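Note that chain A is present in both complexes that follow, paired respectively with chain B and with chain C.
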Partner chain A sequence: MSSKLTKRLSVGSALCVVMWTLPASAADEPPSPRRGADVYRRYCITCHGERGDGAGEFAPYTTPKPRDFRQGTFKWRSTPSGSLPLVSDLERTIRDGVYWTVMPSFFPLNERVRRDVIAYIQTFSPRWTSDQPGMPLQIPPEPAHTPDSVAKGRAVYEKQNCAQCHGDRGAGDGPAAKTLTDDWGNPTVPFDLTKGYMKGGTTGADLYRVFMTGLNGTPMPSFVESIAPGEAWDLVHYIQSLSASQRAHSNQQVKP
Partner chain B sequence: MNATIPGNTLSSLDEGVHMRRAAILSLSVFTLLVSLPRPAAAVPAFARKYGVRCTVCHEAWPVLNDFGRAFRDNGYRMNLGKDEPSVTDPAYWPVYVLAEPHFGFDLVKSHTGAGDTTLQKNGQFQTGLAVLGAIGTLGDHASYLVIPVAGINGLTLGFPTAEFRLNNLFDSSWLNVRLGNTEPDLPVSRVRDLDVTGAGLNAYGYHTPGSVSGFDMGGNQLGVEFMGHSRGSRTRYSVSVFNVTGSPEKNTNFNTPGVYGHATHKFMLTRGPLTGVEVGGFASYTSWPIGLPAATGSTTAAAALTDRKASTKYGGEVHGWFGSDALPVHAILTLLQGRDDRALFPGGVRDGVFNGGFLEVIANPILPLVVYGRFDFVRNRDQALPTRPQDFNDQTTYSVGIKHTFEFTTRAEYGLVVNYSLNQTKQGAQDGSDLSHHSLWAGIMFAF
Partner chain C sequence: MKPLTLLAAVATTTALLAHISSSNGVASAAQGPTGTARIVVKVVLSGPAPPAVKVQTSADPYCAKVHQADPLFSQTVQVGTDGALIDSLVFVKDGVSGTYAAPKTPVTLDQKGCVYIPHVIGMMAGQPLEILNSDPTLHNIHPLPVVNAGFNIGMPVQGMKQTRVFQKPEPVFHVKCDVHSWMSAYVATFAHPFFGVSNKQGTVELTNLPAGTFQIQAWHEKYGVQVQSVSLSAGETKQITFTYKG
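Right after this comes the complex of A and B.
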């Protein structure tokens, strides 16, 4: 390669390294709702709608329906039932997506993009100015996944009457399955726990979090008052046992 | 300036003939590039399947953004259980149509000390590109892309792009295999180029004048590609092995092999006006038979067909994204060097070497509006034929354009495009004078 070209490439590479390292040494920029609006229009508007009402042009063709941001009600949280989510909860949903739905993973985007769009989403509901997110759920370390734990989990499943919605075998076909609606009156179906990948994440902790905090806006309640942490892990293991692939993937992140 | 090197056994060849051939070849190649239909761009089939606008995957249609690139690298999959045909609405068909009716104007002039001579002046309405493509997934680990193209005014039909891709072998995103006739993984994709006049990115296919090699790094190559990527495709690699397209020998024999590699890494920045920087390197090593007239494939002793000589290209790229992440200004600098073995030049006395590259800027001030421009250059460093001036056939191209999309939904998109380019070639005319080619493209692009 010619010396001129080599010099140019070297200078270009050096500039890149400098530009990369300088900003990284400073604190991250605060999120910007203004920039977030641009992000929202580019990526989110077709489902969640211009006004954040979940009535975008593609919404009629999706089940479940896209979230209406105006109530400040969010399914995927680490905070108590009824509470606002943490920003990190929203970040996780945007980053990893929601399996089995049309909500994709936006992991490829810059972290700043995700923070900006969260700041914009927060402008749709006055709750974000009047309320504070609750204390996040503390998830204890996972005990060993044993046949005994699975058997105990089955007992918890029966005791808490999970089969009423999710069915005796967890296939989402319980007696109440066809009658359920969400807070907006849209029909909703219980998740088929035998499918493998769970909507809210693929790790045991993700599953634990779902039934201990509930899914706001849906018939799925929080069981934090009725299930002890040890029992909750047993239930996780039982649910994981319903699907061979779920167990295989239980400690892996989905990687879109 | 080059000097005659002792030992040149073919120095008695008529230089004038070579110069004229080179000039005609350059003009022909450029005209071909301008007139050829471009295959894939945006794919509305995906918009319908996943309920997203084209803006989700395209920084500026058809240029992919980070999300779109990760989607493509994953084998056109979102990886959230909605990809396979078995879970897709039965009414969904993975086909799409692109069309570009437009008015095209071309003005070609030669420039001598005595003045300018108009060699070509032509303006007409054209139906231009028309693509009916099929693209999608066959299963969790298999994807495909087939693009038959009806070209200018529907007079040509072919399958310039067809691929079958095995995704995530051994459950790893670091190993994917693509088989077929496809474009290599380039710093800037030619099929996803914003420029619609066909100008620019010259260095991909350039060879120092007189070379018989027809390898075009930016063209589709029939072969196999191994590629891998990190989560989100921030780090990527691609290695392609192929039979060089356009070889005078039969493609089926795999007798003009080539290899191309490309690796990139993108740094995401969380503070400051610079939001991302990507650096990468690429290289190709291709062979070409000697003893045959370029692009004719006839009339030489069989013994000569077994002799192949190398053509190499290698270089680096830097991408920078400025301003808003959702409405970025994207600058791309790519520099490369190409070298053809002296034996590829009838009468050549040393390797032909050129430097080339381009600087491109794509600005997206508001979502429907894209403004773009590119400066593109090729500078010969070593002419293989000693009597040629060093700058013989040097090329400079300027291209500017604007695209305004009037409508983009999850079903379709259409917009107005105006694009102007100027290509200048040193001593590119048949009489040895400089050549300039002005192109204007104004029309509508629509896709559904």
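Right after this comes the complex of A and C.
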């Protein structure tokens, strides 16, 4: 047996190994802002603008306005008030969209493409190089959704004074509702909690996250300093009881 | 070779130790130059004061009740006797260098009677800001800094307190309460302790200054910015006046 054959065999097997590992390493490679720029120009630019300033061609016709990426300010986060979001938070927004707004779901783009476009979006704000996202909120498991929990949640709603903006029955018609503006000075309204489908996602945990971390850039503050985790789930159950579709979600028929 | 390596190791360790002790030293004695010179600043508004603007507080029944007998007026322009302009921020803009340690004692921002007290705050970067809610109603504290990280925290319970720190120096930024759109405060954070907010007499004293030439800036919410250059010898006191035209 010549050493030539051995050599050939080893080269062949090495090639096999390379080819076999190639797809895996391609999937593991870091997100590329360069590839993300192409995705952005195809899907995002019309609203969010060439410079990421939220002033794209369609922006004047939208309410609320498309996100201006230059400040690193994002509504839908698991991280503390004022903090940058996690990449997974941004990915959730791109994947699921934001109901009741112009932002559609980009579910058909695969995860790698979404991560690429996030890497590109991160180039619009220097905060992504100087700051770190804060520690994400820990959400305890959901306790049973009972009429008792809903009643306790109503007490939380009153104690936290949610009605000041969202109104006594959650219809977004509280006394302060008409005076609100976002951080860019655009008028904004408190969410009508009786509409059913929540903007930040459909699950109880999505709702929990919204009032505990707040929505950066909007009047909606974080209540993490004043609502205990147990109370937070009661409040989720109460808010879900305010609309028929949310009641259907939680599979409970509770009188609001 | 061996002894050399050992020597290098010893040298590195010594350098490291020296570095540690010096960085410890920095924490305790991180003082830039100070002295006994001072500047007494007077801020005045020439001409008649604009009429006081009454604030509509009916958006919150609690605030409306508090101000039923004692109406609330806008804090934007507050003028004392002889045109003294209150709540103007005065500070050394240029002329001091070196590092100054931030005090550990917090500055308090109270939300009381649906108003921020005080209306204008100067504080050192890294100094704690204690935010207090003295009202039995919901306030949300929503600062809008650009250099520092902002936040927006709901404070629904009377007596609730929280402490926050703005780590970096930053020119004046706005603090708002979204629930009560009339509530407004301004905060600036400095790398040095030479700043102050004008009192009812319109005066600010900048004390403990070293000798030197300083650019002194006055800022007012409505009337904007003015700058004056002041040279001080050691222990000297000088008086300057900023005059805004109403």
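In the analysis below, the second predicted complex is superposed on the first by the 223 of 256 C-alpha atoms of A that agree within 3 Å, B and C clash if a C-alpha of one lies under 4 Å from a C-alpha of the other, contacts with A are read in each partner's own complex, and residues count from 1 in each chain.
As a working rule, contacts are C-beta pairs under 8 Å (C-beta built on N, C-alpha and C of every residue); 3 or more make two chains touch, one makes a residue touch a chain.
Since the structure is predicted, the reported quantities are computational estimates derived from the model, not experimental observations.
With both structures placed on the common chain, the touch criterion links A:81 to chain C but leaves chain B unconnected.
In the superposition on chain A, A:214 contacts chain C only, with no contact to chain B. Number of chain A residues touched is higher for B, counting chain B against chain C. Once chain A of one complex is fitted onto chain A of the other, the partner contacts of A:242 are absent, as it touches neither chain B nor chain C.
Touch criterion not met for A:121: it reaches neither chain B nor chain C.
Contact with neither chain B nor chain C is seen for A:205 once the two complexes are overlaid on the shared chain. Within the superposed three-chain model, A:222 lies in touch with chain C and out of touch with chain B [touch as defined at top]. On the chain A side of its complex with chain B, the touching residues are 1-2, 4-5, 8-9, 12-13, 15-16, 19-20, 22-24, 26-29, 35, 38-39, 41-43, 45-47, 57-58, 61-62, 97-113, 116, 195, 197, 254-256.
Of all residues in chain A, those touching chain C in their complex are 80-83, 131, 159-161, 164-165, 175-176, 179-181, 183, 214, 216, 218-226. Taken together, the chain B residues at the contact with chain A in this complex read 50-53, 55-56, 66-67, 69-70, 74, 77-82, 173, 231-234, 267-272, 274-277, 279, 314-316, 318, 320, 324-327, 333, 335, 337, 353, 355, 367, 381, 409-410.
Residues 58-61, 137-138, 140-142, 144, 149-157, 160, 162, 178-181 of chain C are the ones touching chain A in the complex.
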